Structures are given as structure tokens and as C-alpha cells.
Amino acid sequence: MISLAGRDILHAWGKFVFTGVGLGLLIGVTLTMAGVYRGMVDDAKVLLDNSGAELWVVQQGTLGPYAEPSSLYDDVYRTILGMPGVDRAANVTYLTMQVRQGERDVRAMVVGIVPGGPGEPGQPGYLIAGRQITRSHYEAVVDIVTGFKLGERIQIRRNHYTVVGLTRRMVSSGGDPMVFIPLRDAQEAQFLKDNDAIAQQRRRTAENPAFNRPVIPDLLDAVIASQSINPYINAVLVQVKPGFIPEDVAETIRRWKRLQVYTRVQMEDILIGKLIATAAKQIGMFLVILAIVSAAIVAFIIYTLTLGKIREIAVLKLIGTRNRTIAGMILQQALGLGIIGFVVGKIAATFWAPIFPKYVLLEPGDALLGFAGVLLICALASVLAIRAALKVDPAEAIGG
Amino acid sequence: MADMRGKGIRIEALRKRYGKGDTAVDALKGVDMQVAPGEVVGLIGPSGSGKSTMLKCLGAVIEPTAGRMTLGEEVIYDNGWKIPDLRALRRDKLGFVFQAPYLIPFLDVTDNVALLPMLAGRSNAESRKRALELLEALDVAHRAKAMPSQLSGGEQQRVSIARALVNRPPVILADEPTAPLDSERALAVIRILNHMARQYETAIIVVTHDEKIIPTFKRIYHIRDGKTQEEPGEGRAFE
Amino acid sequence: MKFLSVNRRMFALLAVIVPLLALLIYVALRSGPLAPISVTVTTVTNRSIAPVLFGIGTVAARYTYKIGPTYAGRVKRLDAHVGDRVKAGQVLGEMEPVDLDDRVRSQESAFKRAEATLREAEARQSFAQTQARRYEQLFAARATSEEIFTTKRQELQIADASQSAAREELARARSDQGALVAQRANLRLIAPVSGLVAARNADPGTTVVAGQSVVEVIDPASLWINVRFDQLRVSVLSAGLAVQIVLRSQDGRRFGGRVLRVEPIADAVTEEILAKVTFDALPKRLPPVGELAEVTVTLSALPALPVVPNASVQRVDGRLGVWLIEDDKPRFAPVKVGATDLDGLVQIISGLKAGQSVVVYSQRALGTRSRVKIVEQLDEVSP
């Protein structure tokens, strides 16, 4: 027995492949959407991985530093260093803002890190070009998504920084690229505004008679000086000594230092459960709708293809072809269409995923699931067409 | 009358009623017909006379309401009882030639014909061998690898006749096979049918109203208002 | 034979499908999680690095003289303007004397009165002395009573005392007068050294309190830089080290300088060490006080040790180390690091030898089971 489905495909292969490509693009969009969701979750995980921390110490009562603003004094880290089980502790600040270079500006998460030796928590774990920050001021390591190159000068608030290193996949949970600068500069950037605002503030302070006393000549200067420093940071990143359980160390810090401490697992819950939950649901819904639409379109295509063969099907039935054989032909065609569509879709998704502004992660598991789903949908869609085909009366072939 | 025992087709008192009760319509009101192997008879009637119903019953496509049908040596319908597998019957015992060739467009000429033996369970090689035999007999073997769309109308018609014959069915039903053809071609088709009928000992029933070929039949069944009447035909020889 | 036409079709279709499938497999293996990670490597070499310290400072004047009155008063005139060059001793302005002149005159009169009182006391004393001598002689001749003699001696003592009092009174009046004159002189605001007027804090007519500065004068030749160094790794900072100074306004021009001293008191809050750095030669265009300056101190070169770029050093599972590539597989080697220089080279004290190949840049974080591919340069980094 020859394969009727195969012969039909061979005969009208152009139409078949063309339809397959169209279907493939639709499947590609669906796979990409799943990739967008996975990319969002991966952004959150990567943020936690890249910080190099096992514990996050933040302001009591907050979900910070990523989900909620958190403020700590910058000398808190010294007491944390002294707690049992703490191997390293480093201050860190986070601020999402516009970073300017020449004529354009880029939205980035500016991370203030301690420019100590290599391997301090908060520093980027690996680079793709350049070097880590060595000076205590005015150097920056940026992520490649910003588009900045080595040696360029970027402007953050009032200061200029030279790009000395490039990283990859250092992004915030929102997908904004990270720019690492020394902690002092970051504290200043978080706090000090531009020159006009500072001049205004000084003027106001000078006009306040409580601060501007002629009897105490240096009072005004002292007040302005105190207004111009920022002793706050957003979190302390902690690495735990080998042999200690992070949750135990966290509990000790919580109890004795009146601070909030989160372990890696808890931070993941916060980021994925709270920060990206809404966006994830949005994409999830869209994915469901896409899948339904894809299924409907596949069903429609297969149904139409079958209807176009009604006469042949009637003749086949008349000359004695089993229903089973006819059903098999339709099913095989549907599956063949599905396979072509999936292959085209997977390739298309792989090629256009890097163009997206945020990270799109196409997992092989998702692809396999998608493949199974496509085949299932094609099979179910063919049911409709098979029913139509089987209802055909062989007598139709015999004219009236 | 030729010897009817063993082959050919015989119909006795066939009735077909559509619908029930007051709205019922009797399309066939007791039809008798018999065709011997090797015979080519005509079935002539105006539209609405029950001709298509007759054809559908003969083609084992619909089930009659009453009467008896014998195909070859088998009784295939007897007053309410019918042979269970109509489809296999059509595949093995009936051949169809239509107004239009109705070839499967995505199979080449050989496979179009070889499809029937394949459906009957024969191997691909055997089926194709048989198909080639018939194509040679019908003088279209030189187009064996072409696709139907590449053939002329006459060639397609011959291929469809080959298909009808490939399983050596005892009966062939031809429904207006010459309608779209000119007289030369029409006579050619009838000539082939006669030739094939004799060669393969097949009974052929030709449903037609084509004046060009009616004179060629030796026997004609007229069907009117659901009843048939047998008449001798002119039996004009052709060629 | 039979299959030829069918085969041609099949071939054409396969010619489309097979490359498509091949592309799919290529895509699956080359990108995404199954792909090998591109890395760049470098060879460890023995080098001696010269650590460089880096600090940010502000230009300051070594001495700032804030000139003002010692008594509350009103500014009468101010001749100095910001930017004027003044000489030592130059009068820059004057405060209102108010009642000071009258008080000086009154003090003069008091002085003269004290003089008169002294003369009177001296006259009395000489008289009492004469009287006491005469009665002493009389007493010796028994011409008078002892009582009168004793009285006259007592009058002499009283007259002596009065004279002393009057003398001291005169001295006091002189001192008071001196004080008022000095104050009168103090009404003038005088530049203590030659220099530049840096600020003018009160205009004529303004009332100022004692101690409030009216004019600030600095010596421009005494400009230095107040530098802050991060506390890490500055144990080698000491006086006398040569530095390079880059001023914010004169970007690109490097000035030579020297560390004058390292402040004994560091900044505990900002964790920085303070130092003072002087210019070897002052820039032609004097930087204004308060301008930002970047100071780099190049220390002496350390003995040669294996060095790697600081991008190679990573912390994995709590240990500091580098990734080596052996047999196309990555292996993590823990190391101990030493000094670093500002260009990102790190000394390796133990754990590596010269000639080993270490990973510098990688597309993703490496693990012991990662598949790696060594390239010249990572794709995303354009030259």
C-alpha cells in the first residue's frame, strides 16, 4: 500500500510547505512568548546569582532591596562582619536611573559596590572584556546591553565615569542592564541631586535663621556639610562561612541586630512571587490565548485542505477505500504539517529571540513540550476534518 | 439469453422507497434486470425516472427497500437482508466509470490504477504489474508515469476504464461515459468497453442518453417512473 | 524505474526538509543552554607590578587668615576686593570707632589727673619726711614729746603709702590708655601676610560681632591638596612619595607633586585616610580653592611574581581562585592574591605558575562540567 498522505504532500508540496511556514511563524511566536516568560524568571534568578550573596540584610520590615526600597546605615556591615558564620559582608546600593553617554541616555540599574579585592559580594562574577574596578572613584563596569564600549565616558548625575569593564547577563529583575560604580560615588548619586538643586538647598538653609547665626560663624557651613553627605546604603550582602547553614546565620542577625535578613530561597520567592508575578500572569494568559488561536488556525487549515479534496475522497470511498485509510491520510497530513510548522517555528524563534530588548530564554524542555503540543493539536484538529470526510456520501461521485 | 449461472448481475423486483408515511416517495417500483458476462447493455431514462437511484442500488451505494440482487454467484441483497461489507463489495466486485475520469490527481497514472489491487491487499509490485497490463491493453501504457493533469481527456478516460477493470470485477457500471466526447471518441470508448467486456468476461451496464452510442447496444433497458422495460437494440456494429 | 518521477519529487522535497532539519539541530546545539561557552585565555607571566594608590582631593590653601574685629562694631570701610593681591601690613579696611575716640581722650585726662595726684602725693611725702627728720632731732634733744615724734613718723609712712598709690594709679592710667590706643589701632583690619584676598564677608555698614571674619586672605603660594585615600591597601602611603596630580578643570595635564604628610587622624565614618599633597611647581593658572583633584601615587615596584588580570580572579563556593583549561575542560584552582595595580593586574602569591593558561573572559559563569570553546575574542565585544 502506498502512502496517500505522502503522495498528496509530494504532489502539492509547494502549497504544503508554504502553509507549514505560515503555521511555523505562528508556532514560533508562541515559543517566543514562552521564552519571554522564562527570560523574566531567569532575569530574577540571574540577579540573585550575580550578587554573589547568600544572605541579604535589609531594613527591618521591608522586602528590599529589589522589591521595596530599604535604607541602612553604611556602618551596619561592621557589626554583621562580627557575627558568627559570616565570612564576608559588603555594602551595596541599587538605583534605577538614566545613564548618559554623549547624546543618548540609557536606563540602567546603578549598583554601588565596594571596590575591594576580587570576589567581594556585589561585584560582577565574570567579565567579557576589560577589568574590574580598581580605583575608588569614577570608574564603571557596565553590562553590554547598555551599548557602551570600553573607554567611553558615561555620566551619572554630576560625575563622569570611564568604562573599564564589560559584563553579560548582569541585569535587574526588570531587565535593565547594570552599571557598577564604586560605593561612595553611588551613595552620592543616590542622594545628591544636580547642581541647581544643590544651590537651591544651600540658599534655603542659609535663609533659615536657626542655622545662619552670626554669633556662631561656622554653624551654617557645618549644617550644609551635613546635608551633603549620605551615610545610607540599600543592603548588605553576606557570604556565609563554609559549614554554616545560611538560615541559621540569618536568624542570628535578625534577632540580635533588628534587621531583616533574607536567604537565597526567600529572595527568589519575593522576586518571582511578588515582583514579576503580575507580568508573569499577563504573559501566561497571552500564551494560553496564543495556543488556543494556534489550535484554531491549525484546525481551520487542515479542515480547508480536506474540503479541497472532497471529490477525491468521494471517489476513493466509492472505489472501496477503507474509512480507516482515508482517516489515516488526513491525520498523517495534519501531523506532517505540524512537524514542518514546528521546525520552522523553532528555527525562527531561535533567530529572532536575540533581537528582543529583554532576555528571551528558549529552553529545550519547552521546545519538546511545544512539539508534543503541536502534534496533539494537529491530531485533534484533524478529527474535525476526518468527521467531515467520513460523512461524505460515496454516491456524490455518481452524478445525479 | 446467455448462461447466467455464475457471473453477471441479476436484479429481481427491486424497490426503493425514500422517506416514510405520507411523504414517502417510491423511486423504484419493481425493477427487473439481468446482464450476462461479456454483455454491454444500455440503461436509458429521463431525469426523475429513478435512473440515478437505480445506479446507486446497482453500485451498492444505497440499500434497496425490497427485491433481490445477485452479483456474480453471490446474493448481495434479499428483501431486507444485505451483505455486510458493501465497501469490500464495491472494491472487489464492481468497477465504476464516470462521466469525468475522476482520477486521483496526486497519484500518477500507474498508481491510480494500481490503487485498487493495493486496497484489496495485493503487494505494490503485483498491483503495478496488473495496472501496466491494463494500461497496455488500453493503449495508454506510454503515459504510465505521467500525472493525470498531463493527459488528454481521452487518455484520462481510458485510464479510468483501466482502473475499473483492474480488479477483474464481474460488473462494471458506466455512468454517462461518453457525454463530454465527440462522436468519434464516444464510439471509441464504446468499442473499448465492448472489447474489454468480452476479454475479461465482465457485464457492463452503461447509463446514457447519448444518441451517438445508443444504436450500438444490442439490448437496452428503458426506465420510466420506477419501472424498466427491456427492448432489443439496433446492435449496430462499429468500425 | 517505476520510481523515477516519484523519486524526483521526493528528492526535491527532501532538498528542502533536510537542510531545515540540519538547521534545527545546528540551532539547538549552537545556541541556548546546550551550546559550548566561549572563553578567552591568557598565559600567566611573571611580572613585577608597581602598585598605584588613587585618591580624590580638594585644593585648599594651607593657611587661611580670617580677619575681623575683636569687638562688636560696624564696618566703616573696606578697601580690599576679592582677588586683590595685598602685602603684609597693608590696611584692608576699618571699623567704626563709635565712642572709642572720646574714650581715648577721657583716658588721657584721667592720665593727667593721675600725674597731678602723684605730684601732690610726692609733695606731701617730702614735707612729711622733712617734718619727721626735724622732730627726730627734736626728740633726740628732748625738745618734744614722744607722742608727737611718733605721730610725725606715722604721717611720713602715710605720705609714703599715698605716693606709692599715686604712682601705681599713674601706671594704671597709662596702661588703660595704652589699651584703648591699641584697640583704636585694632579698628583697622590689617593683612597679616602678603597674599590674595579670597573672600569678603561683610560690606561697609554691616554690624559684625567679635570674632566674625570680615575679610579672608590666603597665601596662594601655599596651596596644597587635601586628599582622601580608601583605607584598603594604603599602609605603604608615607610622606615624601612622588605623586601625579590631575585637576578637574585642567583634565589631561598632569602635575608633579609630593606627599607632604599622612594625617594621623583618619576619617572613621568614611573609612578613608587623609593626606596632604603639595605641588612641585604651582600651575600657571592657579586652581581655585575647593577644586577637585585626582592624585595617583606610584609606589616602588614589587618583586616579580605570577600576575593575572583581575577579571580572571573569581570567587566560587567561597574560595578565591582562577579557572584553568586542561584537556578542554575547565578546572578551578584556588589562589592567594597579593598586591594589585590600578590597571587590573593581580599578583598571585600561591596557586599558579608562569606559563599556565587561565580563563580571562567567558560568555557565562563557568562550572566544572561546562563545555568550553577557546576563542580569540568574545562575539559580543566589537573591537
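In order of appearance the chains are A, B and C, and numbering begins at 1 in each one.
In the analysis below, a contact is a pair of C-beta atoms (placed from the backbone, for glycine too) under 8 Å apart; a residue touches a chain by one contact, two chains touch by 3 or more.
Please read all numbers here as calculations on a predicted model, not as lab measurements.
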Pair of chains ranked first by number of touching C-beta pairs: A-C
Chain whose Cα centroid lies nearest the overall Cα centroid: A
Centre-to-centre distance between subunit C and subunit B (centres being mean Cα positions), rounded to whole Å: 114
Approximate Å spacing (C-alpha centroids) for the pair subunit A, subunit C: 46
Interchain centroid distance [CA atoms averaged], subunit A/subunit B, Å: 69
Where subunit B touches two or more other chains, by residue: 147
Contacts with two or more other chains, residues of subunit C listed in rising order: 6
Residues of subunit A engaged with two or more neighbouring chains: 7, 10-11
Parts of subunit A lying in touch with subunit B, wherever the complex brings them together: 1-2, 4, 7-8, 10-12, 311-312, 315-323, 325, 393-395, 397-400
Subunit B residues touching subunit A - in the complex, by the definition given at the top: 47, 52, 55-56, 59, 61-62, 87-92, 96, 98-99, 102, 104-107, 111, 115-116, 118-120, 124, 147, 163, 175-176
Subunit C partner contacts - residues on subunit A that touch it in the complex: 7, 9-11, 13, 17, 49, 52, 75, 87, 115-119, 125-132, 134-138, 144, 149, 164-166, 168-169, 184, 214-215, 217, 231, 239-242, 340, 343-344, 346-347, 350-351, 362-364, 367
Residues of subunit C touching subunit A in the complex: 6, 9-10, 12-13, 16-17, 20-21, 23-24, 27-28, 31-34, 54-56, 208-209, 211-213, 229-230, 232, 269-270, 294, 309-311, 313-315, 317-318, 320, 337, 340-344, 346, 360-366, 378, 380-382
